[in-house]
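Next come two complexes, and both contain chain A; in the first it sits with chain B, in the second with chain C.
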Partner chain A sequence: MSTLAHHEGPFDRALFVAGAWTLAIVWLLPLAYAAWTAIHPPAFVARFELFAPLTAENFVRAWNAAPFGRYYINTILLVTMILAAQLVLCTLAAFAFARLEFPGRNVLFALVLMQLMVMPDILIVRNYATMSALGLLDTILAIGLPYFASGFAIFLLRQTFKTVPRELDEAARVEGCSLLGVLWRVYVPLARPTILAFGLVSVSHHWNNFIWPLIVTSSVNTRPLTVGLSIFATTDSGVEWSVINAATLITSGPLLIGFLLFQRQFIQNFMRAGIK
Partner chain B sequence: MQPTADIDPRTRPLAGAAPAETAAPARRGWRLRREWVQAWLLLAPALILLFAFTHLPAIQTVIDSFWSTPRGRRPAAFVGLANYARLLEDPIFIRAMVNNAIYAAITIPASIALALVMALFVHGRLFGLGFVRMAYFTPTVLPLIAVANIWLFFYLPGIGLFDQIRGIFGLPARNWVGQPATALYAVMMVTIWSQAGFFMIFYLAALQTIPQSLREAAALEGASRWTFFRRVTWPLIMPTTLFISVNATINAFRTVDHIFVMTQGGPNNASMLLLYYIYEQGFRFWDTAYAATLTVVMVTILAVVGIGQFFLLDRRTHYR
Partner chain C sequence: MKTWTTTALALIAATGLAAPASAVDLEFYFPVAVGGDAAGIIERLTQDYMDENPGVTIDAIYTGSYADTTTRAITAARGGNPPHLAILLSVDMFAMIDEDIVEPWDPYLTEQEIEEWIGGFYPAFLRNSQFEGQTWGIPFQRSTPVMYWNKEAFEAAGLDPERPPETWDEMVEMGRTLTVRDEAGNVTQWGVRIPSSGFPSWLFTGLVASAGQDGLASDDGTEVFFDTPEVLEALEYLVSLSTEHGIMQPGIIDWGATPRAFMDGESAIAWTTTGNLANIRANAPFEFGVAMLPANVRRGAPTGGGNFYLFSGHSEEETRAAIDFVKWATAPEQAARWSIETGYVAPRPDTWETEAMRAYAAEVPGAVVARDQLEFAVPELATWEGPRITQILNDNIQAAIVGDKTPAQALADAQREADAILAAYR
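Here is the complex of A and B:
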């Protein structure tokens, strides 16, 4: 389209393509370099030979050097628990904000929006004290609990619910559907794209989250992958870089592979979640 | 909408003829209240958790900042503004604030500019579009902890790709992360790398809303690509730029994962940022009162950003 719309010669076009590709290659370099060392023997850490022998040895050594299997289970439990809780709690709240009239609605919604600015991520000192008082320190529940009520999810779902035609809502009620029935049969199915988009954002955010899990966990049985990786990479200074790079790829693997497989959907869903 | 109309005395005689209608005001009141109860029940679980882990801790943090840290047998004592006085005399706090200001002043415009360039590159026709877009977006998917490891290796003195490229030009090896002069900038590169692709998505979404007719009109006028961008695209995507700016500002204060892996705020506090300092005071030195005071500063900064956003963006009726 742009060739039609703009007066540009083939030279401009070539420059444009070259710019796009140069940036893409520069952008991939750090990751490509890490991947190179992870799949080659340590001797090739800083030597680039096209036919250097490939090996899975670094991955095996990384996997055996730290309990990554356990970290995986912890992270999967964590992101599943957070997403499930967020979807239930925030769908209910968003529905109330979108379709019910009640005193205090605007004030409460403003308080919800405040969480977009002042998030639990920075209130770590106080939330740690709360978890300590609740006796929840070093549990997976404690990592997730502050994120269950997501202001972002409530906001996003409320916006979506507001676009549902009133007629559908009323028709369902005339048929004798209860309030929760209407929510479940009319609103939730229509909000499926938003829910999917939010789900992707939530899972990738909490898969990658680090500081709060670092603070509240203190044992192998609760640590998620990010915390496990940071401990592995910083305490064992004797570990070779090729092994650390392998461990780095192990922790980000599923998200990376998921992204590469479903790139289009991923980007579209991030776009949907981002548009306000 | 008009509950008063029903109890208007003038309608009484008419309404009296139909008993169902006299019951209407009462039932409406009851239904209205039932709706309130339903709404509050739906909201309760989410709001209780929201208050418990966002609003109450924020208030409690402010209160804590006026008290001393309980240590051993000595309970917390009211100290007034002593913690704040200490802030002003704390060279590390001042260092962290200056660092954070530099960090924000460079990473925000750089990320935004790159995000826009990326979006313009992959919006529309391009040879190998899928690959290029993937290359831009991939860093965003990685955990920042993993990103930090990758870059630590990239920066490795002598061995890292960065120094190898410099070696080709005969430049000496340098310890990018380990020197006070370069540590903060080394960290900033990582931030930009990990977030530019994310912001690109917002710009891509915005570019898709620009009507094709404007392009055609501009083409008829013989406008160049640059003129079209300056006169049409840039003004139209302004709300997106503001939105991204706010997000980038929040990120500049709240995202410090990479500091943990790369520098731990060092060397000699050269890369100390506010949130990392809060962590250090709160969980290394266990000085919770001082950490609370630092958190108040943080909350204030984010609140100002939030209020700023409200005034800048709300004209576009974002929250309707």
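Here is the complex of A and C:
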């Protein structure tokens, strides 16, 4: 970044700023529209008057249309469980693939990579049958289980671990660190940006996941927020934008606020992890 | 609590003790496709049934949109855990038979029941529910498109606010009067709005029926009739509304935004489903009317919506209990309640004779329009490989609307592509 800034002229800079603003506005418009419709009566969804009456009724209606309180708890449990399991399993697997020699390592790693190429949606029937056989239908665990061993996380962490200098690894071992000790004290701290970046991707993906949770769960006690949101997508009778947008803000609000609060850290970590 | 009972029952069964003969657990998947509290209404219905029938437990599971519900039903059935009942699109009948996961209802019914119960539904609804002499779907969540008109806009344009267009020509004529332009020539109010996003083939079937053709496919779902003169006339008329007559917004018109556009006065006439009646009645700031779709050589409209399907893979006792629930749900009192609370068209004439329904009809004349239109209704497009065939027609209708193809070219393409797929089923 700094070398680039060194060479840029005023024209480049103006172009850069204009581009950044355009992208920001394009990103912000749908959100601004959602906020506008959510806080105004339905009559104003396509009319923008500065002094249109404000209302909280859309939020009240949206909140009462589904047990969102319980769905919140379920979604938070779900994403926390998935992320925790992914981090433990994938860190261990990635470390083995990056630094340990064992027979069949390359074949196994190729299998992990193949997982990246399979669309999760085509596995729905198979996964459902597995969950049914395990007796896990209609549990939060069933929603998360197929995602625990994430091929993407293993691949990402393996690449990061491979960039850790061998010397650090060896120095730690000379100091008497066990294998897991090396992983915990040397590799994990150095991979922190990657882990954070992956965590963000994982949490937002599972926060938004809809079709699999809908299929594998049946009761209020296990279903996530997206299922609650879907009852507003009433294709037969047209869409009530004000209520649906209020519901969207309710369900995506925590993620948005979290991202805005921690955006500096996230962006820095993304830059360091090399995902853009 | 429920899990406790289930576990207890399972234990009793497992240890070889006789479980009470009447205890039956049923699973029932339902989609929600209309606004309001449709999910709550279904849950209250099943609860009432359970209160009346203590031996039966019905787990009513909300399963998203129609498409999501179909996905889930197929997934669960293939995963060895089919529901007992599900409400799926009536046009999905061929797909469900193809998947081999549903059963016909007739073998479980006596001849008298077939005559009185099955025979008691409107024939227009049964046409998408029967195949090779067997009934595969019981009409429940059914709808039909109607024409809404803004009485204030009619009055402002100097038209009789109590007289909607009766024919295609009248709709064009009135549409011209109703289309309002400002000084710069921009349209501030369109005459007509026939939405074309998502599933244009549905409303288009109404035009095809008015042009004199009885639906777009054969009853056995192996033939489609897309390139006939009647269908061409219907598509040319639809396209001409914006190109030739300038009374409809050009391009693809969004389905979901249609009620709002009508209520905001963007269009004086709008075609959409009866499912919008409750919404428009509650929110339109002006007097409006509901009419049948205008006629050309005859009146016509498609039916739409969902049926109860019976899934295979259960004991006879459970299947009979499921059928008993559906009989109860389609009985006059329950069907009337369902129709009034959701806006779906009550699927049996006897429902309309209940006191609740009479009172509703007197209060909301629009509801009666949908019922009376059933006499002229034709089936919605339903074939083997239904979603693919419908998509082909939708894409080609849209291509004609945006001007990528002439109507004749679009329909010839649709016929050719559909024939290639359906050949395997003939």
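Note that the second predicted complex is superposed on the first by the 211 of 276 C-alpha atoms of A that agree within 3 Å, B and C clash if a C-alpha of one lies under 4 Å from a C-alpha of the other, contacts with A are read in each partner's own complex, and residues count from 1 in each chain.
Just so it is clear, a residue touches a chain if its C-beta (ideal position, glycine included) is under 8 Å from a C-beta of that chain, and two chains touch if they have at least 3 such contacts.
This is a predicted model, so every value here is computed, not measured.
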Exercise for the section: Once the structures are superposed on A, label A:Glu240 by its partner contacts, choosing first (chain B), second (chain C), both or neither. Expected result: second
Practice task
Using the superposition on chain A described above, determine whether A:Ser230 touches chain B (first), chain C (second), both, or neither.
Solution key: both
Exercise for the section: Could you tell me if A:Ile215 is touching chain B, chain C, both of them or neither one (first, second, both, neither)? Expected result: both
Practice task
Have a look and say if chain B or chain C is in touch with more residues of chain A.
Solution key: B
Handout entry: First (chain B), second (chain C), both or neither touched by A:Glu167
Key = neither
Practice task
Considering only the touch criterion stated at the top, classify A:Ala129 as touching first (chain B), second (chain C), both, or neither.
Solution key: both
Handout entry: Overlap of the chain B and chain C footprints on chain A, listed as residue numbers
Key = 45-46, 124-125, 128-129, 210-211, 214-215, 230, 233-234, 241
Practice task
Going by the contact rule at the top, pick out the chain B residues touching chain A in the complex.
Solution key: 32, 35-36, 38-40, 42-43, 45-55, 57-58, 60-61, 64, 117-118, 121-122, 124-128, 130-139, 141-146, 149-151, 153-154, 156, 159, 161, 164, 193, 197-198, 201-202, 204-205, 212, 215-216, 218-219, 222-225, 228, 243, 250, 253-254, 256-257, 260-261, 275, 278-279, 282-283, 288, 291-292, 295, 298-299, 302-303, 305-306, 309, 318-319
Handout entry: Of chain A, residues touching chain C in the complex
Key = 42-43, 45-47, 65-66, 124-125, 128-129, 131-132, 137, 210-211, 214-215, 218-219, 227, 230-241
Practice task
Spell out the part of chain C that touches chain A in their complex, as residue ranges.
Solution key: 27, 32-35, 37, 39, 59, 61-66, 68, 71-72, 74-76, 78-81, 143, 198, 255-260, 263-264, 272-273, 275-276, 278-279, 283, 285, 304-305, 343
Handout entry: chain B-touching residues of chain A, taken from the complex the two chains share
Key = 1-8, 12, 16-17, 19-21, 23-25, 27-31, 33-34, 37, 45-46, 89-90, 92-93, 95-97, 100-103, 105, 108, 111-130, 145-146, 148-149, 151, 154, 179, 204, 207-208, 210-211, 214-215, 225-226, 229-230, 233-234, 241, 244-245, 248-249, 251-252, 255-256, 259-260, 263, 266-267, 270-271, 274-276
